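After this come two complexes, each holding chain A, first together with chain B and then together with chain C.
Our next item is the complex of A and B:
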């Protein structure tokens, strides 16, 4: 690595996109020649080892449910292996898929953020002690869904205030939990309502919620609560049972395979 | 962006038809030939335009402030605002007012979009308050007859402790969350063990005491060593003088004097102490006719002479073998210098 740097310095400062730079802005996709050079440099077992390190890193980062940044991955784990990033990630995805039953999804292609979701459907009685925060999140997501995708911030908190109050012994500051934690975890998205004066915000489903949460199941729960057939909410029912969009493989990093 | 060349130039052909119609109306009102007659009309225009702008701003504010009311499908407030805007627009001639008109339209259509989304009433409606009530029942709310203050839920009752756990359990099956990774046996804590400090303090105390004892003991020992040597030397001098007094003419053979036939080590000590006497000039050694060394106490007056005459040095040594030979040769049966401890006990 240092040799390459010395060479590039002597040859004058040409725009080398793969210079030693921790900022992800300069980390463009490596060219095929650079990938090939990297592949020649490391053995298969070395790459497996590095992939295992990436997996461990992601698993630990996932404890807080905050998305993993590609820049952090490259800086802290990959280091010298950064030029064969696509190859390593291919192995990582495969391992997650086949060994753990988890899916690593890139939710932000511009800033390169990844989250882990479960491939398998949740099992009855398999989970440990229930997390009350999930309950609160569930309520908010249901509200947004039933209101056809957006709920004003004021309305959301009005409802929550009625149900659980501003400070809760299990949640602490409810407003902070919702606007800070849930948004950072990408369960919720806080969007500004245009042309409002003073500024108002509304909540949408976040990218993680879109991937993790089943709308159909939420509608079933609504039906239970209201003692109604879920199909009576015809629009929501249509949305919940719509076929999944033919999305391009979001879980693969963008690069030409062959 | 000005469409007309001059302020109030009515004859400009670039104006749109509506504006031209308005201009014609004005012409009819003002009884002019079409060319504005000067400053009076300009001033009116300024005042009018200011009025129009102010009214537009009021409309925009009303839409923004009364948003909630306007969204309510039960009234026609939004429509009224639009009709008001239409009336105002009839007098608009310049770009500045038109821009305000455009801004009002944007705000109004935004509101209209929201109202329209409310109208998509295909299927049942969803009422958030009803939802809240049902949810509370699900959580196991115990409703009280009389409203209590300081309770949750705005004084309606109190929830059991596991209320949110119930919701969470029901909610879990809707989530495909990845299970979080934790080490099975936990991680280690890197903390310094507190007991270590305690033992350090305990050890320190005895160390200090021990050190204090040491110096006093040492001092005693040093004194006794020095005194012992000096005393011994003096004692030997006493013996020497005593023997010399008995018979001043008879020479005292050196070896007979120092040797102790009973102990080799005491012999060596005697030689050591005798050497001090010679060094200090308190005794002298000489060779007799048989060329054997003899020792005699030095005369008192002769000390100074001894200093002026050349000093001689000698080194004497003795080994066990030599000692035994000397004892045989001189036939020494008893020691001339009595050992210290023997004399003490006697």
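Our next item is the complex of A and C:
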């Protein structure tokens, strides 16, 4: 029953067909009867099996930290099960939560992009080799945060040149790592600065960074680095210790259109 | 009642996902670490039970943490395996089609070799025979370097062998692909690549090098466990392997 209620809600919210962009055409909102037929058609274990395929698919994408598009998920994995998408995703979310300690979060409600976020507290000295790329990312995020949210691309690269040179033994082409990989993974956002000639860009924190990286930790790190009380950066301190904004919808990934 | 999964299990699983392969010492340390963080009870010799609990929850996803012995040092290693796709194609997001073909051909050479190894010269020669798109020698060398870096192959003195990660993750595929060519170890009953083969033409059993070391340890005159013929090979680095077995 709750199932049906939830679905009719979604339909109400998605009544405007223009909201549906081209890339998402493979996913059209099912009617209540389609849903019911779908639920009747597949057994519980078939749905579990499909949920397992969805999990596999998302985990593979997540290894490279590439966001998953709902349209791709429907086209490549869900196929005939598209009408009972919410039912399948309910199982997927539950498994991510209970088995993996991960949370699937929608980071783009227009294009329906999802990423996995760790639910477990990050630990110092966690097992496994520390990832040097993450160290570099941490430095860039710190720089942006201390500069109140935006750093010019040229300024950022000058700083990186000073830290690790143009080519690094482990990072390879540093510029490429930053503009390609970190941006694709949504750790950074590269935004064009309006009215600049020649065109200039600046870096902001990406959505993944906002969800995964603690600003308070960054400020503590800066404090240690400069041997300074983090509270002396009053603006940053206020931001870092502000109550977290309402988390993006996670309970039902396809219901977050607002 | 199914065993309960806690945050210590979840953290362990997450580390297994980000580390492609882990030796036993690392896995034990990780087990301890995860239990400490989440104040769970850690019983030092119950690592495999702990992993079994995780595996019971992974089974519906066709995933499994598997254990395997390295043919190089006899140590146990752990890796998280996707059982739904144990094929070489699982590497297709990292390698081009012709690069995968080169890897398959390298595997062919290793499986059909006597000692589980193939020289870089032989691999570079097959690079000319690729059907999809030929690789230049220098390109093939780069692919091989990447395969070593990504821990699919081991390289030692210009010879390549299959890595422990490759063996654990692709064993089902290897068994299917090379069914009748595969050698099985008489001692541990797993697939064997680098092994010794009984000299007797009517016997010909195979034993992994580390299993040879363990089996013949302390025996004055090594004899084949199947046909009792004299075992004519040098028993590999017994002292080296003993030090490993003591610690496990």
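As a working rule, the second predicted complex is superposed on the first by the 224 of 258 C-alpha atoms of A that agree within 3 Å, B and C clash if a C-alpha of one lies under 4 Å from a C-alpha of the other, contacts with A are read in each partner's own complex, and residues count from 1 in each chain.
Keep in mind that, in the parts below, a contact is a pair of C-beta atoms (placed from the backbone, for glycine too) under 8 Å apart; a residue touches a chain by one contact, two chains touch by 3 or more.
Predicted, not measured: the structure shown is a model, and the values here were computed from it.
Which chain, chain B or chain C, is in touch with more residues of chain A?
B
State whether A:140 touches chain B only (first), chain C only (second), both chains, or neither.
In the superposition, A:140 touches no partner, neither chain B nor chain C.
By the touch definition at the top of the document, which applies to A:35: first (chain B), second (chain C), both, or neither?
neither
Please indicate which partner A:47 is in contact with in the superposed arrangement: first for chain B, second for chain C, both, or neither.
Neither partner.
Of the two partner chains, chain B (first) and chain C (second), which one does A:148 touch, if any: first, second, both, or neither?
first
Considering only touches as defined above, state whether A:99 meets chain B (first), chain C (second), both or neither.
After superposing on A, A:99 lies in contact with chain C but is clear of chain B.
Is A:236 touching anything from chain B or chain C once the two structures are fitted on A? First, second, both or neither.
A:236: touches chain B, not chain C.
Looking at the overlay, does A:107 come into contact with chain B only (first), chain C only (second), both, or neither?
neither
One more residue to check, A:88. First (chain B), second (chain C), both or neither?
neither
Touching chain B in one complex and chain C in the other: list those residues of chain A.
59-60, 63, 102, 118, 120, 127, 129
Once bound in the complex, which stretches of chain B touch chain A?
Against chain A, chain B makes touches at 64, 67, 106-107, 110, 117, 120, 122-124, 126, 128-132, 134-136, 138, 152-154, 164-182.
Quick check on the complex: what are the chain A residues that touch chain B?
Result: residues 59-60, 62-63, 65, 102, 116-122, 124, 127, 129-139, 142-143, 146-148, 155, 159, 161-165, 170, 194-197, 211-214, 217-218, 221-222, 225-226, 228, 232-237 of chain A touch chain B.
Given the complex with chain A, which residues does chain C contribute to the contact?
Result: residues 5, 7, 10-11, 13-15, 17-19, 22, 26, 29-30, 33-34, 37, 54, 57-58, 60-63, 82, 84-85, 93 of chain C touch chain A.
What residues of chain A sit close enough to touch chain C in their complex?
By the definition above, chain A touches chain C via 48-49, 52-53, 55-56, 59-60, 63-64, 95, 98-102, 118, 120, 123, 126-129.
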